[in-house]
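You will see two complexes here that share subunit A, one where it goes with subunit B and one where it goes with subunit C.
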Partner chain A sequence: MTSGTITADTARSRRSLLFPSVVSGLVLGVAGGLLAAFAVSRFASGDRALDQVVVAGYAGWTLCFFIGVGAFHHPVRWGFGRAEPTHREERELAGEGQGAWRYFRFTTDHKVIGIQYLITVLVLFLVGGLAAALIRLEQSQPGARFLPPSTYNTVVGVHGIIMIAATIIMISGPFGNFIVPIAIGARDMAFPRLNALSYWLLFAAIPVFLSTFALGGFDTGWTGYAPLADQAPAGMDAYAFTIVLFGISVAIAAVNIITTVVTLRAPGMRWSRLPVFVWGIMLSVLLGMIAFPSFMLAEVMVLCDRVAGTSFFVSAFGGSQWLYEQLFWFMGHPEVYVIALPSLAVVVEMVSVFSRKPVFAYRTVVGGMIGIALVGCIVWAHHLYTSGANTPFDGPFMLTTELISVPTGVVFLVAIGTLWRGKIWLTVPMLFGIGALVNFIIGGVTGLYLADVPTDEVFHGGMFVAAHFHFTLVGGMVFGFFGACYYWFPKMFGRRLNETLGRWHFWLFEIGFYGVFLPLFYAGLHGEPRWLAYIPPKFAGANLIASMFFGLLIAGVSVFGYNIVSSWRSGPVAAANEWGGNSLEWTVPSPVPLENFETLPVVTASPYDYGGEASGPEVTGPSGPVTAPATEA
Partner chain B sequence: MTQRPGSGRSDHHLRNVLVWWVVLSVLAEIGWLVAGPLLMPAAASSDAVFANTTIVVFTALAIPVALFVWVFMAYSLIRFRVKSRPSEAGPHLVASNGQQIAWLGITGALCLFLVIWGLFGMYQASTDPPGRPLIVDVTAQQWTWTFRYPSAGVSSNQLVLPVGRPVEFEVTSLDVVHGFDVHAFSVRLDANPGSVIATNIVTPTRLGSFSVRCVELCGLYHAYMWAPVKVVSDQDFAAWLRDAAQGSRGGAGA
Partner chain C sequence: MSAVQAERHPQPVSEEVFRARRARVGVLLLILADAIMMIAAFASYGYLKALNTEATFRPAGEHAPSPAGGLVVALLVAAGAVAYRAMVVPGAGTREAGGRVRGGLALVLGLVTVALAVQCWLMAAGLSYAVPVHGYASMVILLAGLHLVHLALTAVATLLLFGRTARGLLIGRGYLVEAAGYWWYYVAVLGILVWVLGALA
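Showing the complex of A and B:
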């Protein structure tokens, strides 16, 4: 190739930067959405007209956004029999030579997509956190003092669904995309275009969801129970359509990650050498793939009820609210394990690396995670103990729900066994990992009461439940996410996060978190229902304490945000193997080059073989990789 | 490798950590058994008393398990912590089969105990007490409660019950799903449109004022959807029923 053609190529790719990109996607998407809404408004009539117009607008937005962002470019070329893209075109699609602009395009490089996911997750946490601040503000005083009930209900629902969506993807999205291919020794994901598609579907869902504020919001909370959902304002359409888009995004990402791990492992990367983190991500997305379609289906049915006037959930016409509840919780409970598995896996990974000891029982912890994924599919009906739907289910589901603590408990055996007599290096990521384990115990123990029918009749629908799942999802899982951020930030951005600020972040968040949710346990024990725009005076004290401690959470998150921005701009440059880990992601330079490995590695040992006799060399040095360069290729 | 002296030190650490665990568990159990019952909410039925007992017992069981993990972690973090990036690996310790089987066995047995306890509680709650229960029809609608006493033809916005008499609530809804919850009785059942479903039979055991609250998000004024509950003596109940019957007849006539 001569230098002349290279210059011509670069000039051509510069010209095509604006189209396709997120800019052309937004322009075309808004135009398409307005056009579709206008077209349907000519025919729509009756009391469903607004819903019909709104849903048509969303469909138009989605389709045209993807045309504009360039998602259909290569499939259409392929469909019309044009030449297969060359390797150079593939590298261009992966963002080569486009600088920071590649983050705003339909870029297929898994590392770009990982960072896109990370930024998106952080933005979602910020929006969901603002909604949480409004909730704590409203509940700080008895009476509807700050927000009218309609606004409050919408804020509660927005907080719930944004946080649930963000926690589902918070580890599998950023780190599943960025780290997993490197950690298994692959150059990219199995389906790079699907990978980009899964991210941009998530992106396209966000404006759809936020449009709920312009359409009267929705007053069902994050659970979206029908038939209330059938009669809610047009903001409900935003909720339902968002879930459909999000569900497709999650399914595509899941297929992609599973295929990648199954087919693209480097030579020698046996299943028994796979990092626990990769196991956790794979099992999580597999469980999500099983669970999420039923929620999507339920929301499609809600849309049918609302737009077309069907009666899936209208009991007067043969529908059933229990149908919705079953479909919803068939997703709703596996989903907490979808969130838990990657986070627990990150914690196990970090505990081993920072204790410089092998995972105490590798096969058992992998077996435990498989057990969580299996049993996680058959616990959903404990959300329906008090629904009046299915008394015969109560006993069996009490059994499965209590028993799922056994595979979950394996993680704790492994954690304490791995720490025992280790060389424990208490870095910031390790601190968050330990915090996650400590908090998750409280979340787990409070779940025991909810799993048992007699006590569930005291707690169901109350603040105790809210405090319980915040202890698991935030205290356990989000702490794991914070740990993952501190652990892999040096690999992803090539710079170190500030350690002092990291410790401030941990302690502010930990103390604030206990201050918020311990009082709410007490209020819930004494009968405070959830979702109250109006706090009865009896519960005012506990709620005021909770609201005041929320200030510490705000402070902690602010420190985290400042740390990320300042370290990303001017933090000290990180080493390739920042923590002395033995898994493959620590063998490539930071920042990671486009196709990750110059030559594919050959894996010869488990990444956790610290102090093992068979693997003397890698424990003598601070960061001996367990790999050797391939002889060919 | 110098395994022998290492395991000797390990025994010494193991003894320390177990002593800490036992001491802290005993202290925590004593603290919980004294303070726990005081933290529990008012119980005005036998089901609620059972629920409170369940919470106290489950917590008492969970304390040593949680402390086992916490004490091991805290001890490790304090005693085995190194100040800076470690230059050598820790010992190559992996779990023995015995340790894993013991862990799985103990956690499994504890969980099974919880299940059996729960099944027993369900069975107890579902066995009907002697005597014909008082039937109360509970109708939920956005955002009020209506209580009907079919035996007396009375309908009311407050729930008045005689103490010591078994009562069965037949719960339904006119619009969306609501949650019927008398926290003090430990009675909770969704009010579903299109279905009338009976709760377990409960017996109020204490005179006093309580409340019914909606515990299923039901739209705009969910937070305001509550009604007073009064548990009164038999005579007062009969008098209230008489007054209410006249009131509703008079109301209908006016």
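Showing the complex of A and C:
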């Protein structure tokens, strides 16, 4: 029986491939959604009827999608007294012998789920990127040229929330799932079924969110601020329901990843030997687990306001819009570190490998990341300086927000210290790693002005903020994601990405990125407000330049997409240890077999022990021969 | 020096020890995630009450939820948690204690089902506030609804455990009962907090 071949040799097992699968999930989900909507429409009345019908439809869709995709199979059979699944059944559930079809089923193998996440993230980036293109198109000239204002508002909201969701999962989803279990010496995640559930929750949320276009969209922007959220068209229900699904998905994924790292480390994999990347992922999902419930709760409240007539955010009836802002930003700012921690960890990981040097001050960088996670929980209210709340906590929050630059600076110091006097191999992942460091410094420094109450009063509503957070999220973190893609692609797919195309991707994206956002800094400093469909004529020049440079971003991403597809189909076969790394993922074959290790490894040293006599091999060049690192006798 | 040495090596810990540790850590993390949401809900209540926007958070005459009904739910769940600890956890997973564990699970399943039914009734009959629902009543409905979800999840988890125990399939899997117990105790504490909040408000 060969991999990639569907082994089912009877009609029954062929049917079992279709049910459960994403096909049966979609069919049942749509049927369930329509049925639930129809049932509720019989009773719904008044001005909330549409919202009630829509939310019932989403609930029906979600429940029936999960029945169809097979998420309840095991728990129900388990509860009704079925014996524990055998090892063979577990391997079947992990997709053994199902070829590409395993990517369309409730498959439990962490590597399959990692690739499912990766493809989903790329699709989300594509959709969010198209929305960004529409925004830049609209902003290229003063006046409403291409989109009506309400559509423009929806496009901005869609761009924002899709990109935020995508960046939250862009590293911890694909690489956290694929790499972390191997990097700690485990055969799979602690809870493989929960792992699949967290992915399919995300999948189920996407059609819900996209249905907003059919329901009038939402004009609140990506933050979904109340009380506007209470008054928005039914498309707002899509936003709120999506966040609830996404929040559950994030919580489940966090529980799974943390439990995996805590309980499944290989013998000898002490906390002090844990790769920095694993630390970054674990702290990121822990922070997400702490931060996300408040946002989820806020959206439950929005749904209650819209569907049941409650008044959480209606001032006239004892609610408050500030409650929404508090709950939202308790998620909203830590979320930046949820995104940043894995990205910074990837950068540190790559810098060590490509400098052929141990991580400079390993404990310090771990401490720095823990510091970011801790302080990240107490900075949110700086987003409310200009809300009118005028709380006595503005001062303390200013302090904590500035304080977080200390642990962040420590991580940067460690990355630079690792580069210092290293034998630097400037590969494509390394290029993106260095790019991320440079860009993130600009994002971080401009953030200081927004942490201070006096300067934030001036900048808060302006394009300066938009440029700042794009430098942070895209320049810092998405560059880390690109680096991770180039770094681990050979491990994930067993093929090498094209080096030349990778360099084109980097330079097109880097130049395009600066071309888009430096003019927006300029426009912001000169007073251009954000959230405007009609740009004032005095900012037309800066916006036109930004829109023109956006073409380079499109070109860079297109090169990346082409590189992925062509290399995946016909790229050169990658070596098991493509970069001469010392961490565990480089000791297993590429592509990685089911259950990862034939025999569980025993870890005897740090993954960053480069430079000693028995260090890994000299690497001769990007395509040169790379052998596995030396192992202890 | 290299980082790893791939050699034949036995499983680091026994499968049972690993499974027990995994179940414990997993349930405790789930409780942590849920507890943070509940803390956010309680904090929201305090925030809106403190702001009392335009003195409309709780208009005069806005009735509180029935303290007696809430007390019944809290007592049922607390009794369930005590029974779970006393009858189900000791000896769970052993053949000898099978009868007691089954009986205990049947009892706590009954208790949580009754609590669920009472909570549903309270929400349907006792929380009928006129629309637009003011801030206070909104928070009461939210907390009652969240508690209802907790009770439902507890009932489902207990039902699954009962189904397995009834067929003797939890022999050697006492850690599952222990881990599910953490959730039981958590929901019991939550029930008391929700009731205290309702009664004191």
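We take it that the second predicted complex is superposed on the first by the 595 of 633 C-alpha atoms of A that agree within 3 Å, B and C clash if a C-alpha of one lies under 4 Å from a C-alpha of the other, contacts with A are read in each partner's own complex, and residues count from 1 in each chain.
One rule holds in what follows: a residue touches a chain if its C-beta (ideal position, glycine included) is under 8 Å from a C-beta of that chain, and two chains touch if they have at least 3 such contacts.
Everything numeric in this text was worked out from a predicted model, so none of it was measured.
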Given the superposition on subunit A, are subunit B and subunit C in a clash or a fit? fit
Kindly classify A:A316 by the partners it touches after superposition: subunit B alone (first), subunit C alone (second), both, or neither? both
First (subunit B), second (subunit C), both or neither touched by A:V445: first
Is A:P75 touching anything from subunit B or subunit C once the two structures are fitted on A? First, second, both or neither. second
A:P227 contacts which: subunit B (first), subunit C (second), both, neither? first
Of the two partner chains, subunit B (first) and subunit C (second), which one does A:L399 touch, if any: first, second, both, or neither? first
For A:A59, is the partner it touches subunit B (first), subunit C (second), both, or none of the two (neither)? neither
Could you let me know whether more residues of subunit A are touched by subunit B or by subunit C? B
First (subunit B), second (subunit C), both or neither touched by A:H526: first
Kindly classify A:T386 by the partners it touches after superposition: subunit B alone (first), subunit C alone (second), both, or neither? first
So in the superposed three-chain picture, is A:G580 touching just subunit B, just subunit C, both, or none of them (first/second/both/neither)? first
Can you report the least C-alpha distance between subunit B and subunit C in the superposed arrangement, rounded to whole Å? 7
Can you give me the overlap between the subunit B contact set and the subunit C contact set on subunit A? 315-316, 320, 322, 609, 612
Contacts from subunit A onto subunit B in the complex sit at residues 144, 149-150, 152-153, 156, 219-221, 223, 225, 227-228, 231-232, 315-316, 320-322, 355-358, 360-362, 364, 386-388, 394-395, 398-399, 402-403, 405-406, 409-410, 412-417, 419-426, 434, 437-438, 441-442, 445, 448-449, 451-455, 457-458, 460-462, 522, 525-527, 529-534, 536, 580, 609-613, 619-620, 622
Would you tell me which residues of subunit A are touching subunit C in their complex? 75, 78-81, 83-84, 185, 190-191, 194, 251, 254-256, 258-259, 262-264, 266-267, 273, 289-290, 293-294, 296-297, 300-301, 304-305, 308-312, 314-320, 322-323, 326-327, 330, 582-584, 587, 597, 599-609, 612, 614-616, 629-632
In the complex, subunit C residues that touch subunit A: 1-9, 11-12, 18, 21-22, 25-26, 29-30, 32-34, 36-37, 40-41, 44, 47-48, 51-54, 56-59, 131-139, 141-142, 159-161, 163-164, 166-167, 169
How about subunit B: which of its residues touch subunit A in the complex? 1, 6, 9-10, 13, 39-41, 47-48, 50-51, 54-55, 58-59, 62, 65-66, 69-70, 72-73, 76-77, 80-82, 84-95, 99-100, 103-104, 107-108, 111-112, 114-115, 117-119, 121-122, 125, 171, 175-177, 179, 181, 183-184, 186-190, 192-195, 197, 213-224, 226
